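Per-chain residue numbering starts at 1, and chain names A, B, C and D are given in the order in which the chains are listed.
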Amino acid sequence: MLYFIEQSLNGVQLGMLLFLLAAGLTLIFGIMDLVNLAHGSLYMLGAYFAATFAAMTGSFIAGALLALIATLLVGMAVEVIAMRRLYGRDHLDHVLGTFGLILFFNELVRLIWGPAGMTLALPSEMLTAVQVLPGVYFPLYRLVIIVSTLAVALLLYVLVMRTRIGMLIRAGASNREMVGALGINIKLLYTLVFGLGAVLAGFAGLMQAPILTVQIGMGENILILAFVVIIIGGIGSIRGAFVAAMLVGLIDTVGRAFLPDLMRLFLSANAASTAGPAFSSMLIYMLTAGILVFRPEGLFPAATR
Amino acid sequence: MRKALLATAALLIITASPAMPQQKTIKIGFISTFSGPVAAIGNDMRNSFELGLDHNGRKLGGLPVEVIYEDDLFKPEVGVQKTQKLIESDKVDFVVGYIWSNVLLASLKPLVDSQTFTIVTNAGASQLAGELCSPFVFSTSWNNDQTPQAVGLYMNQKGVKSAFLIGPNYAAGKDMLEGVAATFKGQIVGRELTRWPDQLDFSAELSKARAAKPEAIFAFYPGGAGIQFITQYVQSGLKGQIPLYTAFTIDELSLPRLKDLALGIPGAQEWVNDLPNEANKKFVADYKAKYKSSPSFYGAQTYDAVGLIDSALKAVNNDMSKKEDLRKALEKADFKSVRGSFKFGPNHIPIQNFYLQDVVKQGDDYVLKTVATIVENDQDKHFQNCHMK
Amino acid sequence: MSRRFNTLNLLIAGVIAALALIPVYSALSGYPFLLSLFTRILILAMAAVTLNLIMGFGGMVSFGHAAYLGIGGYAVGILAKEGFNSGFLQWPVAVAASALFALAIGALSLRTRGVYFIMITLAFTQMIYYVAIGLDRYGGDDGMTIYRRSQFGGLINLSNRTVFYYLCLVLLLGTVYLVYRIVNSRFGLVIQGSRSNDRRMRAIGFPPYRYKLVCFVIGGALCGLAGALLANHTDFISPALMHWTRSGDLLVMSVLGGMGSVFGPVIGAVALLMLEETLSGLTEYWQIIIGPLFLLVVLFARGGIAGMLVGEHRG
Amino acid sequence: MSTVAEALLAVSNVETCYGLSQVLFGVTLAVVPGETVTLMGRNGMGKTTTVRSVMGLTPAMTGSIRFDGIEIRELPSYRIAKLGLGLVPEGRQVFPNLTTRENLVATAANRRNVSDPWTLDKVCALFPRLAERLMSMANLLSGGEQQMLAIGRALMTNPRLLILDEATEGLAPLIRAEIWQCLTRLKAAGQSILVIDKNVQALIDFADRHYVIERGKVVWTGSSRELAAVPEVQHRYLGI
């Protein structure tokens, strides 16, 4: 039983990471109706910036903060240079345009940081496990990820629901022209929203950096999962993204932990270890297909459109 | 009208690249991984190969050498594409390299079909030692399960009663876990294969290992993945509770980044930097002088490939067309290996000793030391199913 | 009107002539790699043409068309591993399996609209991608070598590179002609009609869902054949055949070539893959150029290369 | 016709097209500070297009639009609004996914720090029905309430010129009367207003001057008294 709790905590941690990515994606998609495949590249850049600045300043926290600022600037630059011309175009153009950006960013990172990839060393005090419950050990750093992501989720909720910027963002989503006619520079607002999306992706990247190596193309696999999350959750709905992220995180991790044992009953050890993780990944896509068939607009279809 | 002719003409120009000039050099195609978390391995192999050529006056069999390095990006489908390019487009005389068993297996057909002499300097796929052995393919490394078998023997010597095995889910990973299971006398309480190469988060597997309460854990994770595994092994607090045994995970490349995390984790290897023979002393000393870091077994195996090719070319005085004589010369392998004595089995896989290595802290840097010889003149157990006797 | 069509038809004739001459040219220049490069271009062009049938004419943006390349390839690979090397069995199975998969996911996906359709096709392809990774017997993530190409009982010897090249060329032109006939048939007109105005089509009595599904299945099945060819060409299959970035490449070829014309994607495939080959020869960082190029194509070359030549752009 | 110089808003022979079809063929009108002016005409004559051109939503091709002496024809709509033009658009267009209070507060501003700016309380005083509905989502409000909200939202930007496009369109007579009453109070407070509407009688009692537009051109202009004296103009151009 304790083992199940430990695995569910791992699932929650993956869910948190997915939420960070999905929140950025669904915010940008909900507001600007823009499919941004390059969101994974911003995740990668966040990790690279954090690794570089942490090495420079010698402190994890300073590295993280500088990384967030750098990712914000890159995000806004990308919006002004490339994304702004894509508004109003159909989604195929978005997919292709941002697909090109992925190739560009991967190669740019290789040019600047070289092919080998980097590591982001954790401060030594993080290198311990915490006894969350009697007999249940959980790495301290992963708790930090869960807690900090919850904080970000709260911050995001307050920003969108309680502040004027949040009101303008939601208003812009439903009637962009009218917000302009009331004296708000909607173009600038969109740049800020895109920058916010980039920061969320960068934050997810730098939080994940110490657990995975920072390498080119690290954003692409997780990007597909993030898209799955916003589709299940309902595009444009941050609440939906949170629920769906938890769902996907738990299914993937618990699936990866228990399916191989389950399959070992009727498959050889090796075959089970191969089929197990593959099947748990498939589970997520079956879930997606299943939900879309019955709820073509996701669980919490955004009310705005 | 004008635009259409222009487009067709452009099409033909692109394809009109010049025909290959035939000048007398030895062309070597080198396939390894130079990107991602395992790039350090590829770079170590390239450095050692270049060092070997320097020691040989940039010549093989007396002829100038041209080396074409290709990055397999860690993926079998890219490896096979680059292999085909080296054979058909660059028309190389030898292909050297291959870190990963899955990339090697994918590239075997084009290599054997084109009868290109290949020196595998790391990948030890069991199929290469067994049914897929070929007169044109030689290995200067080992077969995947020889090293873990040595670790299994060592765990028996230490009186370990039960073990939990963890490894990456690709050809070498499965071979490694098979290897330990073959020689380990105790009970295997768990066996986990993780998704390779993208899964570097082992929290689920480590929790499962803790739950199984084994007396020891065996793990195999090469390159950057090894650093991740050991970091997370320490992070989860398992280090004090359950001892860890490894193969190909702690080496001169990962040690500088693992530092004291690696202390007290033994491993087995067919080459360690302090082997007492002349060739090895020169290799290690010159490598440190030139590259300011110490070589790993990946490098040592690649350095030997230079000596092997040079000795064979001299025996047939560079006549690449005499394939049969070149094969016999390569099989004789009369060159000074950094491992001391070096001889091939009938399936072109080396027969060699395996040593126990441990991490020792000298001053403020960490070094791998030979502690004991686990097994001598060990031969892989697949050579019977190879058609070459 | 005639001047513009003349340009595009001339380019098509020029491209076909050039493709026909490649083996001769490659033999003369002693540069065999060229033959295998262009064989791959022909096969991927065929896949792009089948995608264009679904996307360019059917209006269904499938972000998972590489699934059929994978299914076709694995059909050949699995049958070869189990000892069935006859092409007469492998290729029909490849086409049938792709058609079945297309029917299954098409029936479900066509219930969604717009970006949800793009995402659900992506999700289904990721699903079959992980199935391939899970197939431990057929190499799982490491892929599997095919030791004997499809045998056609002495009729066609696929191991002969030139014969295989011309077979691919014939099949490509056959596919283009088939798609051309479909698009201009009554069925094709209904498909194009429902692309622009779904409601209007329903109003005059055509069930667009069923027409679109049939079109989706035809596209998938034909692409399965391209998958079988690809497996024979590379003598190796791996889940990477259907990685989502492969689907992205097919999308680019279709749009770059020009979705408005049946032959457009062939031009797109030749242009993209030639560009990749020459650029990667010049610099290791060639993707820094190709990436932004996709963006520029999307922003400015509305009709793709074919569109520009026909002057659709200037129209 | 007041001289153009001290006019708050001066539109002179403006032409606007939607794509290839031209709608305005040289519209000229002016509003003097503190004055209430109407723009009347049958449907499709270019009333809303004139408003959209003034607000920069559908930029005019030629002609000049000056506000407080500044040429605004080429400016983006947010810069025009910032100068002090408050738009109550046709169809109200409140933000459905925001609460009533959020609709009012989101775009509120006091750019010219007017001494006694519009506040939430002042708007609620003007429109008591809004006071009870502050917390409910805007899409749950009735047509009349949404109209009041749209007017309140524009007022919260403290505009120098309030533009109302079909402000009483489709409302019940009782609600319509309430709206006119509020507008009259605004006029009394010195707010300059440009009203686009159809019920001529209400406009005659309420506004100072009128423009009548026919097929994209101003065909008649004059004071309320003069308009009352020319029923044939009302009949021919306004279909009464």
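Keep in mind that, in the parts below, contacts are C-beta pairs under 8 Å (C-beta built on N, C-alpha and C of every residue); 3 or more make two chains touch, one makes a residue touch a chain.
Quick caveat: nothing in here was measured; it's all calculated off a predicted structure.
**Q** Leaving every chain except chain A exactly where it is, which of them still form connected groups?
**A** Without chain A, and with every other chain where it sits, the touching chains cluster as B, C | D.
**Q** What chain is most central when centres are computed from CA atoms?
**A** If we average C-alpha coordinates per chain, A lands closest to the whole-structure average.
**Q** So which one's got more C-beta contacts, A-D or A-B?
**A** Spelling it out, more C-beta pairs touch across A-B than across the other pair.
**Q** If you take the mean of the Cα atoms for each chain, which one ends up farthest from chain B?
**A** D
**Q** Can you work out the whole-Å distance between the CA centroids of chain A and chain D?
**A** Their C-alpha centroids are separated by 45 Å.
**Q** Measure off the straight-line distance from the CA centroid of chain A to the CA centroid of chain B, and report it in whole Å.
**A** Here the centre of chain B sits 36 Å away from the centre of chain A.
**Q** Give, as an integer number of Å, the spacing between the C-alpha centres of chain C and chain A.
**A** 31
**Q** Just curious, how far off is chain D from chain C if you go by their C-alpha centres, in Å?
**A** 56
**Q** Among the residues of chain A, which ones contact at least 2 other chains?
**A** Where chain A meets two or more other chains at a single residue, that happens at 110, 270, 274, 277-278.
**Q** Identify all positions of chain D at which a residue touches two or more other chains, and write them in rising order.
**A** If we look for residues of chain D contacting two or more partner chains, we find none.
**Q** What positions in chain C touch 2 or more of the other chains?
**A** Touching at least two other chains: 133, 140-141.
**Q** With chains as vertices and touches as edges, which is it: line, ring, star, complete or other?
**A** It is other, because the touches fit no line, ring, star or complete pattern.
**Q** Which two-chain combinations qualify as touching?
**A** Touch list across chains, by label: A-B, A-C, A-D, B-C.
**Q** Tell me, which parts of chain A touch chain C in their complex?
**A** Residues 29, 35, 82, 85-86, 89, 91-93, 95-97, 99-108, 110-111, 220, 224, 227-228, 231, 235, 270-271, 274-275, 277-279, 281-282, 285-286, 288-289, 292-293, 296-298 of chain A touch chain C in their complex.
**Q** Spell out the part of chain B that touches chain C in their complex, as residue ranges.
**A** For this pair, the touching residues of chain B are 1, 3-5, 7-8, 11-12, 14-17, 19-20, 75-77, 80-81, 84-85, 88-89, 101-102, 105-106, 108-110, 169-171, 195-196.
**Q** Contact residues on chain D for chain A in the complex?
**A** Answer in residue numbers: 55, 57, 76-78, 81-82, 87, 89, 93, 95-98, 102-103, 105-107, 109, 111, 153-154, 157.
**Q** For chain A, which residues are in contact with chain D within the complex?
**A** 164, 167-168, 170-171, 173-175, 177-186, 303-304
**Q** Which positions of chain B touch chain A when the two form their complex?
**A** By the definition above, chain B touches chain A via 34-37, 39-40, 43, 71, 169, 174, 191-195, 198-201, 203-204, 207-208, 210-211, 224-225, 227-228, 231-232, 234-237, 257.
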